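One chain, chain A, appears in both complexes that follow, with chain B as partner in the first and chain C in the second.
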Partner chain A sequence: MRDMKSEVGYWTFFIIAGIVVFVLLFFHMMIIHMDQLLGIFNPAGGSALDWKNVIYRSHSAFFTTIYIILLAAALYHGFYGLRTILFELGLKKRTQSLITIAVWVIGITLFSVGVFANIAVQTVKAAV
Partner chain B sequence: MSNNEKMYDNRLGIIGWLGGGRWGIERYLYIIHRLAGVGVLIFFILHIFEGNLRIFGPEIWNPVMKVMEHPVFKVGELFIIIGFAFHALNGIRLILIELGWAVGKAEEPVYPYKSSLNTQRPLMVIMLLLAILLIAAGGFDLMFLGH
Partner chain C sequence: MDKENQQKRDIILHIRRFDPERDESPHLEQYTVKVEPGMTILDGLHQIKQNQDSTLSWRFSCRMGVCGSCAMLVSGRPMLACNTQILDITDRALTLAPLPNFDIIRDLVPDLTRLFEDHVAIQPYIQGQDAEEMENPTGEFFQTPHELEKYLQFSYCIKCGCCMTACPTMATDREYLGPMALAQAYRYNTDSRDRGYESRKSVIGASHSTFNCHYAGECSNVCPKGVDPARAIQLMKRDLVLDYLKLKKRKKACRVMGIPSDVERKPSIPFPPYTVEQK
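The block that comes next holds the complex of A and B.
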């Protein structure tokens, strides 16, 4: 019964993470991909991917926080989904547990890499 | 799960993953949803490393962004837009249905039984049309407005 409970928890978080990703990617689309039309959060003008705009967002505490939330939500949602697809092969309990551990390890590793970059970029100088 | 749970073999294997049989269009959307999901996940993992390159400063960032303008990456990005737009809107449809929205009211099961699929279908059509709209807008932006 404990397994069942944690499965419901995993699934609920999966749905919440999906909604978080949906909302944040809506803003991602507006800021990064509709830059020529809207030009929001791009103080240097031009492309949203120009260095000055990129470093402006990277140095902002607000964007850093949002990036980390998006990173966590997208990794969780993606790896839970992958796990569900793999579980459908009718795997043994032991194999299922191994997959669960593997996706946690890979997910947390990728999360750490992303968080590290978000912090490391704070010391990168803005001027070219 | 309980102790007396039975494990069933997935006798269909890969066909069980990819085949929709005689089920409705929703069953095929389910397959596409998963393919798109896995595709976007692979892209996202690469995207983490790509975005992290900004820690090496403009000397690395700018040339990499230049490479991303190559047609091969543009076509790749188009696939990401298609996969993402479909997965996002189909996902919202699945959540709404999960919450019991747009599936109609529960009623007495009297013969001839009615499937709730017919009640759900307008939502599916709306979501697919919205996805097509997003793909068109995203594709236009990608091809004509930069990235």
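The block that comes next holds the complex of A and C.
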């Protein structure tokens, strides 16, 4: 029963993460790749990848939160997919449990590194 | 040449043969069959066994697409041999092989043990909430046409194994429950008379089950009875998620209609005559 509950939970959050990634990627496309057309969140003008614009977004609490949510959703969605692919290789139950643990550990580590980078960039000055 | 012989054509059947006592691996053998319009693959196999090779083995029973015994791979597509006319699919040659994703017992006979074990695992029977009523019924469970419609198409499944053969997940994951068993789990979960969802949940919600369906949809494409197992599995995913999020609606108790006590059989309706001699 425990296996059942966790599997249903994993899949539920996999779908939620997929929807979050889809919505946030839409905004990513608008802000970064359609910058010349829309020009939103580019206070310094020019390209969205100009240093001043990048630092402006990185110092914004809104963007920091969005980046962290996108990172969590993308990591969860991707690693769940990887776990599913590996499970279909006909592995033993014990190996499957080890894969689940490994995926969690690697995912949380990468998430921690991403969150650290996101917060650390707050200290970088715009004038560099 | 008379008219009857003019309609007959020579069709080559490439049949995958395998005798576990003699062969190390399956191999193809070629037979030429005189085929006339209306002749099924099953008829062709009978003709070969009668006239050319008596050792050829396959499984069949009803010869009318009801029992599901004669499912086999016909030119790469799972079909019922009794339901498929040779000239409908070829005018030259076709290849016959046993259903893949199962072990081979001999020639065209697959070992369907896995299919039936999976079927048993999902508890394919009505589980009522009132044990006393189930054991000693006082009437009939009331079911509206709308409630019947929800599961009716899934109850047409004849357990032939065609969907299990076409499923790409079955081909890679030996532990996967498969479209037949999952569709049948949905069939019983949706039945208004059934209360077995909680006990089936541990099987359908586990790994190598409902959530491993990648929705290729081939199971529904090949089903000879027009059942849509892919749809059943997606609907079951929805039910499991809603249940996990505590949003699933609870089933209403199924009403029992008592047997009417004040009616009698019409005397004008005679008992039908026996079709076999009574001893």
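By definition in this document, the second predicted complex is superposed on the first by the 128 of 128 C-alpha atoms of A that agree within 3 Å, B and C clash if a C-alpha of one lies under 4 Å from a C-alpha of the other, contacts with A are read in each partner's own complex, and residues count from 1 in each chain.
Rule of thumb we're sticking to: contacts are C-beta pairs under 8 Å (C-beta built on N, C-alpha and C of every residue); 3 or more make two chains touch, one makes a residue touch a chain.
Bear in mind the structure is a predicted one, so any value in this text is a computation, not a measurement.
Quick check for you: in the superposed arrangement, does A:Gln96 touch first (chain B), second (chain C), both or neither?
A:Gln96 sits against chain C, while chain B stays out of touch.
Just to be sure I read the superposition right, which of the two partners does A:Val113 touch: chain B = first, chain C = second, or both, or neither?
In the superposed model, A:Val113 contacts chain B only, not chain C.
Of the partners chain B and chain C, which touch A:Ile15 in the superposed model: first, second, both, neither?
A:Ile15: touches chain B and chain C.
Of the partners chain B and chain C, which touch A:Asp35 in the superposed model: first, second, both, neither?
first
Looking at A:Leu24, would you say it contacts chain B, chain C, both, or neither? Reply first, second, both or neither.
neither
Who does A:Glu88 touch here: chain B (first), chain C (second), both, or neither?
Touch partners of A:Glu88: chain B and chain C.
Applying the touch criterion given at the start, work out whether A:Met4 contacts chain B, chain C, both or neither, answering first, second, both or neither.
In the superposed model, A:Met4 contacts both chain B and chain C.
In the superposed model, which partner reaches more residues of chain A, chain B or chain C?
B
Determine, under the contact definition given at the top, whether A:Ile55 touches first (chain B), second (chain C), both, or neither.
Only chain B; A:Ile55 stays clear of chain C.
Share the list of chain A residues that count as touching for chain B in one structure and for chain C in the other.
1, 3-4, 7, 15, 88-90
Hey, which residues of chain B end up touching chain A in the complex?
1-2, 7-10, 13, 16-17, 34, 37-38, 40-41, 44-45, 48-49, 51-52, 54-58, 61-62, 65, 84, 88, 91-92, 95, 98, 138, 141-142, 145-147
Across the complex, what residues on chain A touch chain C?
It comes out as residues 1, 3-5, 7-12, 15, 84, 87-90, 96.
Which residues of chain A touch chain B in the complex?
Touching chain B: residues 1, 3-4, 7, 15, 18-19, 22, 25, 29, 32-37, 47, 49, 51, 54-55, 58, 71, 74-75, 78-79, 81-82, 85, 88-90, 92-93, 110, 113-114, 117, 120-121, 124-125, 128 of chain A.
Once bound in the complex, which stretches of chain C touch chain A?
My answer: residues 169, 172-176, 201-203, 205-209, 211-212, 237, 240-241, 243-245.
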